[in-house]
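I've put the structures underneath this note.
Next come two complexes built around chain A: one with chain B, the other with chain C.
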Partner chain A sequence: MIKFLLDGILRDRSRSLFPVLTVFIGTAITVLMAGYIGGVMPDMIRMSAHLDAGHVKVTSQGYFEDRTQMPLDMALDDAEEIIVQLEDQFPDMMWKARTRFGGLLDIPDENGETRAQTTVSAQAADLITPGSTELDYLKIRSSVRNGSLPTDPFDIVISENMADAYGLDIGDMVTLMTSTINGSMSFQNFRVAGTVVFGVAALDKGGAIFADIEGARMVLNMNGGSTEILGFFKDDEYTGERAQIVTDWINTNLSVEGDPYSPIAFRFEDVNEFAAMMQWAGAFIFIISGVFIAIMFIVLWNSGLMNGLRRYGEIGLRLAIGEAKGHVYRSMLVEATLIGTIGTILGTALGVFFVYLLQEYGLDISGMGVTDTGNGIYYPDVIRGKVIPACFYVGFIPGIIAPFLGALVSGRGIYKRQTASLFKELET
Partner chain B sequence: MTEAKLIHTHDLVKAYPVADREFVALKNVNLEIERGEFAGLVGPSGSGKTTLLNVIGSLDIPTSGSVTVLDSKIEVLSHKQAANLRNLHIGFIFQTYNLLPVYTVAENVEFPLLLLGKSSDERRSMVEDALEWVGLTDKAEMRPAQLSGGESQRVAIARAMVKKPALVLADEPTANLDAKNSHRILETMEKLNAELDTTFLFATHDEKVMQYMKRIISLEDGEVVKDETK
Partner chain C sequence: MMKYRLLILTAVMLLMFPPESAMAQDWPDGLEVMKHIDRNMVSENQVIESTMIVHGRRSSRTITSRGYMISDEKSFSEYLSPPREKGTKMLKLEDKLWIYSPSTNRVIQIAGHMLRQSVMGSDLSYEDFTEADELEEAYDCTVIGEEQVRDRPAYVVELIGKKDDLAYAKRKVWVDSERWVALREERFARSGKLLKTTDITEVFKVQDRWYPKHMIFKDVLKKGKGTEFIIDSIKFDQDIPEHLFTKAALRK
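The block that comes next holds the complex of A and B.
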């Protein structure tokens, strides 16, 4: 019987083409979305962790409370000691001190007189130790447009925008005026080693500068300290469960309740709005499946009703020659499942193909201005899908359920058919 | 199914509600049809021919009275039992052939056998036999759209006969056919009646058909007014 139904589906295009196309398109989009999320989410997590949040972030309790103001006086003044402890406790992680601070940059003319001044937002990290991952994690190495990477604690790299705006050249000396952790004023000359273009609005904005952590410590008078310690799993694969073990240990063993200077640790997803985003991403496949089930169900329900009208004679004949209504109804459901299966297989193939293209070639969205959400969440400039296992099965959820539901509802008309009218109906 | 009386109606009444009153389509019809008969229900439009075929074919139930077909009391059958009776023992031939257009001639004929759960080998053999009876072996792989009206009706006969039913009900089977094809169709059915002992019951007002009937039951206003055997 299934072969009989399948032959009918394959031969009667008006019966099968539209439903198969509907399932095909819906499934392909579902698979594409699954592959997109499967690719973008890990990239987004990786990039946001590298640039800002780490897989685990350690700050002082006081700093975290007022983190939007970047209060230097609440920095961890024993950051290097904490790092030694953490490296010993968690050998599968690496720990990096970073400090954010603000200041005024004085740009001199050829006579050493002030030519211009601008406020800057500085990010200090280990930029000069050989083998440091920070140049890569902060995307500096790949983003250098002019000049070179820093080699001295008093080298800085600045955004290309800033260099253009103030006529700064490679090798120019500038003076950074800021305040130390004790609140006293501090001045330090820095050499412009290079300029960078990240393609991320938040990082390319005019006042961004990147300095080595040791140089910053000298300027800020915070020997061995930093505002943040970021922990990264060495395999660069984040999971909330792994991070939870680390934060639990830190908060149990290093944190002192009520002491604003003692460290406190947070998982990646507990910083900014990552948790909500990750939950959303986790549910996304189910949401998109649900949406396409609903859309395709409505379309296929109507298509089933139209088909029921078109095949009125055929169904009548089948009832007349002795096929039970339940059997006709079930055969409609089997037919819908076959149509769903055909559409899903084709749609999955197309969806996986598009995801593969997205994985291999990516889609450059840097020009769209959407790579930075402004809350510490960064999207990669080039979004890449990933052919994940879910791509091969996720389409079957809407692809099979929707046609089945459509036939389930539209086929109920079979039970309203009066067999007593069949002779008349079949002879008109 | 060895009993001679294949169909037995007793005081059969079939009434339909029409607006606020009742239209009586069949009035106290008492009829007996034996196995192997080649009989026709004749009469003008509205005389109750198709209604009687409907009830005998278990497509409808009587309002009162009783109808027994192949030992089954039609008035007490559930929908499923009625479908089963049709599936196993009754073949239908319609005026408009009602072939499934996407399937080949052989597949159209094979369809009732699928419902009976016959094996692939059995089906193939039975379909070949049925097409041979109606002289369409060479058209087995054609689609209905490629056939003439006469050929299409012969396929419909093969479909009705393939399961070798005890009873075939034919409602105006020649209405859409020219004289030559009508005679050929009727000769085919006459031959099957003789060879397979299948009972044929026609509803018709076509003189050509009546010539072939061995028994003519005349209906008028829902009543049997004449019942003559040639």
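The block that comes next holds the complex of A and C.
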């Protein structure tokens, strides 16, 4: 029967073309979305971890509680000592001290008087130790537009936009006014070593500056301290299970319950809104499949009804010559499944092709201003898909179920035909 | 039934038109109270040595300073200790403020929203320091009650801002009704939210004036135990050289 039906599908294109096209397009989009998620999510995790969250983040309990305010007075006093302990305990990870703080950048005129001022958000990390990965993880090395990388604890790197807005040149001295860890007023002159363009709207447009951690420690009076310690797996491959082992150890061995200054550790996905996002991404393929099943079902149901009208005579004749209604109905279902299979194979091939193109060439979205969601989640400037195993089978879920369901519903009309009136209908 | 109606009507009438004895309290005019305070606080100039103890979450810091003030318009202060703050100077001319930092040898103007930042991590903002207007000029003052504050009789004065650009839209000041010195103050935002409190826990008499000796400032929105401000010494109507109130004096 399958060969018979297949011949019918191939020879009578008016019967199959529209349903196959529907399944083909729906499947291709489903596969493309699966490949997009498969490619973007790991890149997003990598970039967000490098820039902000780490694979594991350690802060003081008090700092984490008020993290949106970045309370400097809740920094980890003994960050360097904690890092030594963690490096010893977890040799497959590297640990980096980072400090975020705010302040006022005062730009002097030729007489040393205030010419302009702007509030800045400073990120301090190890930028001058030879071999430090921070220049790469923070994308500074690849983003330098003018000048050079910092070489001195009191060198800073600023966004190109800020340099343009305030007429700052490489080598200019600026004064940062901020508060120390104890709340004292603190002033420090910094040299503008370089300007950067990140392609990340929040970093480029805002008053972001990057300073070396040792310079920041002197300004903030926090010798050996930092607001955060970020842990990264050396192979840069994040899984929640691996990170859980690390956070469990820290929270069991280093954390003291009720002490706001003692450390507490979180996995990447527990920081900001990553967990929800990662769960959502995991369910995304099923959501997309469900959506396309629903859309294609409605389209193919309608198509089946149209076919039912067009093939009214054919079905009537088949019933009139004695074919059982159930047999006709089943043959319609098998036919729909065959149409779905053909459409799915073609759609999967096209979808995989597009995912491959996205994987190889990527799509530059840096100009769209969507690479930073504003909550610590960063998308790469160039989004890339990835041909993952799911790309080869995910299309079959909506591709076969939808036409089958469409035929299942639209084919019920067969049972409404009255045998007694068939010949009369056929006469007309 | 008629009795009840009469009772309700009487109650409504009393609420709408209270008897003369209930309305008129024997309270002075709000403006008069504030002028009494000014007679204690305002002088041609003042030289103050003070200690500020900032109780942060992590630790407490003690900062000493010497300040020279001419009315509300000009002031010059120099921080004397601790070593990290020593040599830092502040100059206020009307509503403008400059800070000199010896470590950078820079004079930096504090303006705009930076004025709302905390001074030395304390519960006071630069804006609190730079308030140039006299309270009775900037606010409508009304005495709204009488209370005891730390066993002292006090008028409660409500101050409602006359302008939109004031740091605090409303204040409540408890004024000692015998010594004419503030004992407590609450400062509110336009929304009615309490922002800061000041408790004057000790006053002392200097040259026939009652003056606050020990104050506790608390920024309600900030964690911490507040900031103590102690007047170690105060001298009125001194001979202060005019050149002190120039930017050039900051670098000296």
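We adopt the following convention: the second predicted complex is superposed on the first by the 424 of 428 C-alpha atoms of A that agree within 3 Å, B and C clash if a C-alpha of one lies under 4 Å from a C-alpha of the other, contacts with A are read in each partner's own complex, and residues count from 1 in each chain.
What we mean here is this: a contact is a pair of C-beta atoms (placed from the backbone, for glycine too) under 8 Å apart; a residue touches a chain by one contact, two chains touch by 3 or more.
Remember, predicted model here, so these are calculated numbers, not experimental data.
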item	value
First, second, both or neither for A:181, with chain B first and chain C second	second
Which superposed partner A:322 touches (first chain B, second chain C, both, neither)	first
Touched partner set for A:112, first chain B, second chain C, both or neither	second
Partner chain(s) touched by A:92 [first = chain B, second = chain C, both, neither]	neither
First, second, both or neither for A:235, with chain B first and chain C second	neither
Which superposed partner A:314 touches (first chain B, second chain C, both, neither)	first
Interface residues, chain A side, partner chain B - complex	1, 4, 7-8, 11-12, 15, 313-314, 316-327, 419-420, 422-424, 426-428
Of chain A, residues touching chain C in the complex	62, 66, 73-74, 104, 106, 108, 112-114, 117, 119, 175, 177, 179-189, 221, 260-261
Chain B to chain A touching residues, read off their complex	50, 53-54, 57, 59-60, 79-80, 82-88, 90-92, 94-96, 98, 100, 102-103, 107, 111-112, 114-115, 159-160, 171-172
Chain A-touching residues of chain C, taken from the complex the two chains share	54, 56-59, 61, 84-85, 88, 99, 101, 103-109, 111-114, 117-122, 223
